[in-house]
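This is the structure I have questions about; it appears just below.
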Amino acid sequence: MARFIVRRTLYALVLLFIASVAIFYGMRVAPGDVADVMSNPLNSVYSAQNLRQKLGLDKPLPVQYVTYMGHLLSGNPGSSLVTGKPIMATLTSAGGYTLKLALAATLLTYATAIPLGLLAAWKRNSVLDQGVMVLAVLGMGLPNFFLAILLIQLFAVKLRWLPIAGYETPQTIILPAVCLAAEAIAINLRVVRSSVLEELNRDYVRTLEAKGLPEGRILWLHVLRNASPPIIALAGVMLRTLLGYTLIVETIFRWPGLGYQLVNAVLQRDYPVAQTLALLLTLAVIVFNLLADLGQQWADPRVRHQAGAA
Amino acid sequence: MMAQESVGLAVDEEFQPALPVRRGRTLGERLAPLRANKLALLGGVVSFLFVVVAGVGFVILAVPSLQHLYLDQNVEVTLTPPFHGGHILGTDNLGRDMAWRIVAGTGISLFAGLVVTTLSMTVGMALGAVAGYAGGVTDRLISGLIDLTWGFPVILVAVIFVGALQPGLTAVIAAISVVNWAGFARIVRAQVVSLKERAFVEAARALGIPAWKIVLRHLIPNMVGTSLVMASYYVAVTVIAEAGLAFIGLGAQPPTPSLGQMISSGRNYLYIDPWVAIIPGITIALIVLGLNTLGDGLRDIFDPHLRQW
Amino acid sequence: MAQTLTQAARNDGASETPLLDVQHLTTTVRSRGQALRAVDDVSFQVGRREILGLVGESGCGKSLTALSIMRLLPLTVGIAAGSVHFDGRDLLRLRPADMRRLRGDDLAMVFQEPMTALDPAFTVGYQIVETIRAHSDLGHDAARARAVAMLDRLGIPQAARRIDAYPHEFSGGMRQRVMLALALVMQPKLLLADEPTTALDVTVQAQILDLIAELRHEMGLSVILITHNLGVVHEVADRVAVMYAGEIVETGTVAQIFDDPRHPYTQGLLKSMPYLSKRQESLYVIPGRVPELWAMPPACRFAARCGNRIKPCLARHPDLVEIEPTHELRCVNPTPFVR
């Protein structure tokens, strides 16, 4: 098991390195960047001379890369070209917001999908089951930004139960979290349902019933545990996709998280910010990958033993 | 015993494919399994309708004299709801006819979907087949690349791309292609790996048929079904991605209409005329649902093993 | 041997009322739009400390009978009629919660495939302790000690260590012992064993059967041993019930069934057994096939394959009749058995 962890971590680090180079070069290779920034009306801080110096554009690219990475790893990724604010400060505050949103969405996803999926499988072909499947289809078909519009229209404009945008009060997190989680809920519903259905057909369920265990315990402890590998495998993929969606959802609701900052930075050609954020998010994706792989190993003891031997 | 059989098969190998790649069936015969599966049929019909609409859209986008249909502004009839004053789907905030804009937008969406899927499919299948067939270091290299790219959030990549290039349809298409190819490659590779072990491949190899020929003439035709299934899913994914990117301003720039961008601008008028935002949204949803259903149906026909959920 | 034990059991003054009294049990399967009788008007008893062998070929309904007694039927199958009196109570009329309390406690069952019958995600110890704590007030440590003792009794080497192992770490025979431990840890009165040895090889088979026989005495256990293997029955059972096409066709003590079978089907089964002592040119096979559930003949179900067939056989459905003490038969034209 330990060897597996080490191998995977190394692999992740390599991926990260490759990604950082790709992002860096991607951003730098942009044509006419300085001129764009200069003509950006929001830029109040720099003039052409110290801009060039600031960006170190006169040095060869690999040197620029190393310099940048050096700054980054020592905790100082520089300042925004547009506002002059240090990026670290933006990172920490925005990071907090994104974390809150992601957590809320994840919680919502599993709190909804697991019980509903389980019950749908348990009461197969019942009204509940069919309702759940319809929900799943809807969740997958509606693009999340469209869902956002609909929800805003319904809850914020018509019913006035929830605020349209903003981030001060606790209610403001509800709509963004729902939009973010919608597709994840839909897909998880289907996976949970089909995985549980498969498990319910297995022999050990009958043995458990023969032991006289209560239904609830059989379902929620035994069946769910055995049905979890596909769900955990999915979690890895879902988290990554979720990360991508935060970019859109945060922008819609003006939720001041990392995604919102990144999109704005790109639109304003604010390179240091864009670069750092992109790198950070990429790191997050790779880490999620790693965690999901490890989680999958843990859930199935048989695989765990094999991985130990490997 | 097995060798005996292989040799018997192998004699004709050079002259016709080992597996019956179906030729010479009428269109009706080919569509028969599609007809039998109602789900696929429904999805196919809806998708086909949208393809037609997209075709029209593409025409009016390309032909200069027709562009006015979605460009004409009329300040007097802004924000009318559907079925008013000769505009079936109403008008937007600049008085442009919604119906034509939807048609044009659909054209853009499906155009993106088509280009991206063709690109990703070609690259993905090629790389996947090579990786699966060659094995060894080549396989590990390509697989590593696939792993890195596969689950990557498209939006993130697209945003990064737009950071490098100008916002616009080209950037969007490039970005989505960069991520999507890996999905194809993964599945193709898995299939090739399993097909590689089959007897007819051994026979072909024993005859000295070069590897590329084996891959091209024997392995690829067996993957047509799977590819179709994936293609329909990926076009749907692309449509959503393109719309999402357009929504936050990183996609096709005005005056080129994009369904996502329409939703975004319509958002400001939700109080007054919600239709301006809702109609493009419903359009996207229908396109996606149609394609997903088609994909589900095709999968049930061709390869139930693809059923992940 | 088994016969002597039965006599001994009878003679030690054990209660005369049978532990299990199945009367006219009928279980139907929903298929092709109809409700087909897979278990048809089945009646038999099991006494205390008695091993009943329920014998028949695949599909004759013996497993469904056991599942009906346990009320563990799948969704498409239902009990249509009859009563199952266990220790004085009719199981079929119990509330689900009360039935659940009995299962694993007084009434236990082991199944055929030890490979798949245990939950692969939990250790063996967890699963046994779970059963103990579901049916008693024992604390964790006490339950665990009891589980270890049970595994030890059932011949699992190094029980104290192995208790924390997962099911996939055990071999087939060991897994079946674990299953038995699970079933017997609460000292049930009745054990239903559905082909417990079929998936195991012969040497292990013998060990498991001996174990069951020993435990029968130690724990005062009754067993319904379901199998298609007559050799197994002869080894271990006291009495035998033979099923064919959903019905009981003959019951009796092991001596009666093996030395003096009267039903042509039973005779056929015995003739089909290969004999190590005698030279045989070819194995005897009962001609014909078992009728399908939806095409059950209204008269005698075995008539089509029977060498003793006479006119009444095709006219009326024969009843199960006691032809001598403890020997019942469903046949209107029995003939003595000639090997």
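Lettered A, B and C in written order, each chain numbered from 1.
Criterion: a residue touches a chain if its C-beta (ideal position, glycine included) is under 8 Å from a C-beta of that chain, and two chains touch if they have at least 3 such contacts.
From a predicted model like this one, the values you see are computed outputs, not experimental measurements.
Undergrad: Sort the chain contact graph into one of these: line, ring, star, complete or other.
TA: line
Undergrad: Among the chains here, which has the CA centroid at the largest distance from chain A's centroid?
TA: If we average the C-alpha coordinates per chain, C ends up farthest from chain A.
Undergrad: Cα centroid separation between chain B and chain C, in whole Å?
TA: About 58 Å separates the centre of chain B from that of chain C.
Undergrad: Counting in whole Å, what is the centre-to-centre distance of chain A and chain C, each centre being its mean C-alpha position?
TA: So the centroids are 55 Å from each other.
Undergrad: Approximately how many whole Å separate the CA-defined centres of chain A and chain B?
TA: That gives a centre separation of 24 Å.
Undergrad: List the residues on chain A that touch chain C in their complex, please.
TA: 202-204, 206-214, 222, 225-226, 299-302
Undergrad: Given the complex with chain B, which residues does chain A contribute to the contact?
TA: 15, 18-19, 23, 26-27, 29-30, 137, 140-146, 149-150, 152-153, 157, 187, 190-191, 194, 230, 234, 236-237, 240-245, 247-248, 251-252, 262-263, 266-267, 269, 271, 274-275, 278, 281-282, 285, 289
Undergrad: Which chain C residues qualify as touching chain A in the complex?
TA: Chain C residues touching chain A: 70, 72, 100-105, 108-109, 111, 113, 116-122, 127, 130-131, 134-135, 166, 168, 179, 182-183.
Undergrad: In their complex, what parts of chain B are in touch with chain A?
TA: 147-148, 151-156, 159-165, 167, 240, 243-244, 247-250, 260, 263, 266-267, 270-271, 274, 277-278, 281-282, 284-285, 288-289, 292, 308-309
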